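A quick write-up on the structure given underneath.
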Amino acid sequence: MTAALLELRNVVRSYSKGGLFGRSARAVDDVSFEVGANGPEILAIIGESGSGKTTLARMILGTVRATSGLIRFKDFDLARVRNRKQRMDFMRQVQPIFQNPFEAFNPLTRLDRYLLSTARHFADARTDEAAAAASDAALRKVGLSLAEVKGRFPHEMSGGQLQRVAIARALIGSPSLLVADEPVSMVDASLRTAIVDLFRKLRDELGVSIIYITHDLATAYSISDRVVIMRRGVVVEAGEARATLDHPQHPYSIELKAAVLSPDVFPVVAPELASPDPL
Amino acid sequence: MTTVSQARPVVEVSRLRAYYQTHQFGVQRDVRAVDDVSLKVMPNEIYGLAGESSCGKSTLIKTIAGAIRPPLKVQGGHVVFNFGGREMDLYQSTPEALDAIRWKHLSYVMQGSMGVLNPVRRVKHSFVDFAYRHIHKPMPEFMALVRHHLGRVHLGPEVLEAFPHELSGGMRQRLAIALATVCKPELIIADEPTTALDVIVQKGVLGMIREVQRELKTSMIFVTHDMAVHAHLCDRLGVMYAGRLIEEGATRDIFNHPRHPYTTHLIASLPRIGSTVAIKALEGAPPNLADPPKGCRFHPRCPLAMDICQQQVPAFAEVAPGHRVACFAVNPVAVAEPVEVAA
Amino acid sequence: QELISNVPRKETLIIENPEGTIKNAGWFNIWAINAGGQSNGLHQLATDTFWYIDPNKGIDGVWDNSLASDKPIYNADFTEMTVKLRKGIFWSDGVEFTSADVLYTVETHMNTKGLRWSAPIQINVASITAPDPYTAVFKLKKPNSRFHALFTVRWNAMWMMPKHIFEKAGDPQKFAFNPPVSLGSYTLNSFDPNGKWFIWQKREDWKRTTLARFGEPGPKYVAYVDAGPPDKRVIAQMNHQLDIIHDTSPEGMFTMAKQAKFSHGWFNTFPYAHPDPTLAAVIFNNQNELLKNRDVRWALALLVDIKAVSMASYRGAASISAIGVPPTGSHPENYHIPMESWLKTFEIDTGKRKIKPYDPGVGKQIAEMLRPSLKDQIPSTPADIAKGFGMGWWKPDPVAAAELLERAGFKKVGAQWMTPDGKPFTIKITVEGEARPVMTRAGSMVAQQWRQFGIDAAITVAQGTLNDRRAAGDFDAIISWSVETWGGHPDLSFFLDSWHSQFVAAPGQPQPPRNWQRWSSPELDKVIEEIRTVGFDDPRGVELGREYVKLAVRDMPSIPLMAYNVFTVMDDTYWTGYPNAVTAPYTDPVPNWGNTKYMMVKLKPKQ
Amino acid sequence: MKSYAAYLLRRFGQFVLVMFIGMNVAFVVTHATPIDPVEQSIAAATSFGSTSPEAIAMMRESLRELYGLQGGIWEQYVGFWKRVVVLDFGPSLSAFPTPVSTLIWRALPWTVGLLLVSTAITWVLGNLLGGLAGYLHNNRTLNVTGLLVMGFHPIPYYIVALLLLIVFGYVWPVLPITGGAQMNMARGWNFDFVVSVVKHSVLPVLSLVMVGLGGWFMGMRSLVSNIVSEDYVVYAELGGVAKSRILRSYVMRNALVPQVTGLAMSLGGIFNGAIITEQVFGYPGIGALMIDAVHAGDYSLVLGLTSVSIVAVSAAVLLIDMLYPLLDPRVKLA
Amino acid sequence: MLKILRDLLRHNRGFAGGVFLLGFVLSIAALSFVSPYNPLDSYVVPPDMPPGWPHVLGTTSRGQDVFWMLTFAIRNTLAFGLLVALISRVLSLVIGLVAGYAGGWVDRLLMSINDTFIVIPLFPILVLFYFVMRDKMSWVALAGVMACLGWAYDARLIRSVAMSLRTREFTETSIFSGMSVPQILVKEHLPYVLPIVFSTTMNNINWSIGLEVTLSVLGFTDINTPTIGSMIYWANQHTAMVAGVWWWIAFPVALVIMTFLGLFLLAVSMNEFIDPRSRLGRGKE
């Protein structure tokens, strides 16, 4: 067994809650798992809203410190990252896609800045042209082009466009781990498929591992290798994706699966909508 | 939804065009995010709006909700509301008249609604600001009503005392929905209100929406990318592509017999849990709305494209009762009238 | 609403106290050094001492025996001074003033270090006795023909302490003396704890004070107030809320003269101002390497155009003086007029030739210069012109100045004068700034004239550091005065005694007051030593004074400019009878002088 | 609880540190003055009298002794801290032997009263106008008002004060132009006195407000112009929330956080006095005291005044830091 | 760049007004280089002449031409205000942004230093500095000192904004785009604080000019250098206000007001320009 790409052991994060004199509450409670122990993989994290998924992602990215527990990337303890060089090395390999695309870009800055900067630092683009080319290539993977993005400010883009820009930015440097926090929540089904396919391709062809946080069980089912289901900061169930989602064990997982809306309501289920509590 | 009402529509949109106009440094650029759209929403009806990302759904919705801020400009067309028998043309009315109908008759949930709550005030104050004046009840009763309403979106009364930043994205989104529905307006316009919700909560919230709508015979325009949500919630569905409506009909008809090639593709590409068949994404890139393709805007990506598609704009015409499509492959003779140039 | 509550305006005289705000208002112990205010009425209205010398003509001659009934009586070798006291003078609390108070005052100063007059008493007095309640006899440690000056008011002097109060008060340095017990015709009525105003009230028993000899004081109340910045003082008087402005700018004075028909100065017409017996001068630091040389000092003097300086500083309203005596009081009769013929013949040798630098017509030239704009405001008789504007001065002579500088080894390179060791000749004129605007203006004009000649000259504003810098000799040249006189009396020892070279400090060490120029001259020392041996009123004193003048002209240790003119403005709306240069020169109007107590008896309410 | 307490403790430590450094700087600075209080006293005591050089030398020595200046700088430093600890700044050197604290307490109420009122008025008015102007940025009246406010702002204070004085004291003499209250009036909480104090404060307050308004106005205006495009403001507008409410609770409330910081600091700053106001209007206060003390080289008094100001300002800064989480709930107490 | 300027000029009346006012003031200042008079010399023209020909703005009681004096005064005063503002802006920006971004002990250390500067009263320091510097007290030196004393307040303000920017998600995006800390501070955070910086700069310039005037009125500056402050100083010494020589004070004050209003209009329009949301929004109105 090769060493895992990413390893989390007993990770806890607590926040002090509620104004001046609040108690502290655990947003992430004793979470352990590994990513990429057996080659590149896509790990889906699904679960309740507010269950600590984003917090977990942030701890992996090192932007939030774990209250306790250990996070190791390629056998390197993230708590020991000190200088800029170490950080840069880390970021070359691990890239995020943040949950809210409207927040992920500075409204006062043009979007291409982020792309070009990423290209320069992590895709070894030496010249402006090279950086532009790298950015354009990444944007094309998500159905955009540099021409469309260049010179635009975030508020000039639709939510889906922003989300795609965020994805493209993360891809520029060919990282070995992507932490994607609901990367396709604002994208239409067709594009979503394209992006999810892209993730799959990244894994299969480039050996990128992906942590895929989502509420969309369907895409999680279709691309992920393993799945982690969280509720109130705790991992309630984890395992091989299809097996777990086909036959969930934990009551919450079962409830979750049951709640998934299927598009295939017609023609069979249609009258159900007439009932007072259809869903 | 099976009962197509003969009553007057709650909102009637005709030949609406709204462009993002930027005159930045001498160069004018028009992004034609809404181009010649006409639709009607009947009382007691949920009208779903689907379409590719960045096709102009949010813009359309903003235009209907009167949320016009520069650089967005309405270039032509009308939005006429009909609340309680009184007609009102949105773009001919005074701001005061508009303020008077907001939230009482018309409410709006904007996209990215996590950021719409005032960060330095407790949540309850937002409810007071938006809704109190429309609900003619004393404060304690009003708060009780709000608490009750929050229960419907699975939120406890304690969130009223919280500051927005203390709540997760999903909680804030539910608050935005609760805020928009608490006054039980006649028309609710909602732009991707459930994107940040987990499926369980989403189901609950949709249930609530449906319930409110049934109870009050409210109408609703609902934008989401989740076709499953459309399938469960909407009476009628409109599909947009590149700033235009390209197909509209009863939800069931659209799901069962999509006619426009884009809709066909959209329905076909829905992911299903348990299915492992690889889904094919649409070839090509979404059109650039600042410089859309001539003719039918879908033609560069259309498997059925013909010569005429590159020249003429297909009319958005009825092909079956209550079912309209804009496609030459479906309706070879219907050519759209050219839009009149705005004054 | 009245300006002052509970006090009728008609019975009140309102005077500016130039000390401004007294930060320690409730302190009336004037014998402690600078603990409280003193020209807030305290030393004008409430204190008294043996004698007064008036800077002008005086109410009954220049000399006034105040608490003393006679002039000081010295023994032959000036080692003993006897003072006879008036009878029937009472403190405001009803206790009689006697020689016991004198004894107490002097002995307290002998026994306490750090009172205001401790040092001179301890240096001079061996013992004091009071043979009877109205006689005090001072035994001196060494001969001193001017010992009485300590008790003779020129602005102020050593005031008498009330024994019956102070002996019970404990440490005389820590006693506030509040409320003060008065020996003058007024007592304290009330004061602002924040030090903005003090109101004094005429004593019921004003007849039992020294002033009663001249009649009843007019104002029932006298208020001393902090009048604020110059503009505001003018406004206040135009509103008739300030009867006497202590000082304003020349322009302020002209405005008042034009616009306020009740306001007038010491002169009713131009130049309005009262010339203090104080000589403003460009004081050189005679220990400065470059300025040690008399030729350099004379060269700089010959570059000054006094007409321009007079215009710049006082807008022409200055009384100029070419010699080291202020042109005020009785001095013109004793010095300026008699010495004019000598001045006319005075020569200096430039190295190339001899020149006669004195120009007797300068005063007249200033008057003529102003006449076109001021018309009949300008006096026409030569005597009046001399009185108002002064007499002659040194004629600007750049050629001679250049010759003198060259003789001193200076060289002109391009437009710039170089010192003998080849550096640019730089000279800074220190001025006080805000607190003495007119002097600052004079300094800036002098600097300009030097600069135009090719000397790198500029002014530097010392503000609060002036005292320290002046004492430490930390200046090239400074606009200040080292000559102050009695004004009404020709004796010059008031300042001259301290010019003896025995007191000149080493460079960098603090120089005792007066001889700021640090000038030492053996010839002058002889003059001073002789003055010490002749009596105060001895005519020989005047002759010796003229000797000093000649020495100072020859050496030019400082360039005399003009009298320190004070634009005191008086408002006739409520009171008349103010002192006036022409019709009533009975005392000095400048209200912070202790001598202004005489004004009170001359002031009459305007009907 | 724990975290806020820890925060408080840390913050309090910082407060003490800042005060300590501040006081030390003040000590060094005041003792670096080239003005020797003894020389000042001598100059003042002798400038009008006949002066014998021997007497001066003697006087110098005894004053040095009297003022307690013989010791080295180190002894004075230790003495200073001893006195600070018991809140006694010793006797003033230029009004010896009156204690510094007496002088300060006599002037302080006037300064604090005047500046408190004018700062409060300025702050409220400036923010209100700035908020309105930023929010309704196309309103003509407001733009003109803005230009007016901003036009007054840069006029040198001395000129404004003097102009007011000329207008209301001479041209149209309706208001008293000098002092804190009518002369010779019994002080105390009686009606006449209070009326007189208020009347006398009108012009000083007016002048301070006129000149000070612009600062707050501009700050608020620029803060607001940023906030109006935030989502929550846009949304409230779409929700038909009353304009006044949006302005108050959405726009201004969010802009208030930095403005309150500023207010706290300027409230702390009122202990520095308003030198020119005091000068022009003859208003009693500690600004004049400070100038006087500096001129007289009275470092006891200067130190006393600076210490009061240092304590006041650092306390104000501490206070805002403590209240910050209340003002802006998002701020973390890290 | 030029295009931006032209566009701003054309579409933004405030900007055009600001440019015009400042341009006017600057050209007055520039005229000082061709002045026929040496600003140090007095009594070169007849004193107390009211505005008219040939002395358009009149003459002072010191016999100086007000207009030509003013060219020097405004030049020096502007240079003074800008120098103070420049230095103190750099300090407050660097310290405020770094403290807000870094947090933790860096923040505490910087804020301790900062607070020390806030609590020390300004006036005694300036006066003392004046006493110690004496003749070497040029306006440049004064500007240096004032800059060192004038940054702390604004640094705190900027820090408070920077603190919340640190928590915004886009900061993370920038970090993960490989931007260095200075890049993030300059390119990402600076635009956010610029409106504050503009308004504090204005306030700072105003404060420094005001303090210079105050110090001048009290006589604590180098009165040999013509500045607005020293003009007012000399006017006061000649009680110009009550003597009716109003032009000696009115014109310098008017020029200061123009400068300031110009800066204000610029700052306001620049604020709108920096925020693309409002920039686009207001372009057409």
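Structure notes:
Just so it is clear, A, B, C, D and E label the chains in written order, and each chain counts residues from 1 on its own.
Everything below uses one rule, namely that contacts are C-beta pairs under 8 Å (C-beta built on N, C-alpha and C of every residue); 3 or more make two chains touch, one makes a residue touch a chain.
Here the structure is a predicted model, which is why all the values come from computation and not from measurement.
Counting hops only between chains that touch, chain A reaches chain C in a minimum of 2. When you average the Cα atoms of each chain and compare centres, the chain farthest from chain B turns out to be C. In this assembly, the C-alpha centroid of chain C lies 45 Å from the C-alpha centroid of chain E.
The centroid of the Cα atoms in chain A and the matching centroid in chain D are 54 Å apart. Remark: chain D and chain E have CA centroids separated by 22 Å (rounded to whole angstrom).
A straight line joining the Cα centres of chain B and chain D is 57 Å long. The set of chain D residues touching two or more other chains comprises 34-35, 162, 166, 257, 294, 328-330. Residues of chain A in contact with at least two other chains: 100, 103. Residue numbers of chain B whose C-beta contacts span two or more other chains: 22, 69, 112, 115, 166.
Contact residues of chain E toward chain A in the complex are 168-170, 172-180, 183, 187-188, 191-192, 274-277.
Listed in rising order, the residues of chain C touching chain E in the complex are 229-231, 234-235, 248-252, 254-255, 308, 311-312, 315, 428, 433-435, 437, 440-441, 444-445, 448, 451-452, 458-465. Listing the residues of chain D that touch chain B in their complex gives 230-232, 234-236, 238-242, 245, 249-250, 253-254, 257, 327-330.
Across the complex, chain D is touched by residues 65-67, 69, 98-103, 107-108, 110, 112, 115-121, 125, 129-130, 133, 163, 165-166, 179 of chain B.
Listed in rising order, the residues of chain E touching chain C in the complex are 40-43, 61-62, 127, 130-131, 134-135, 218-220, 222-224, 236-245.
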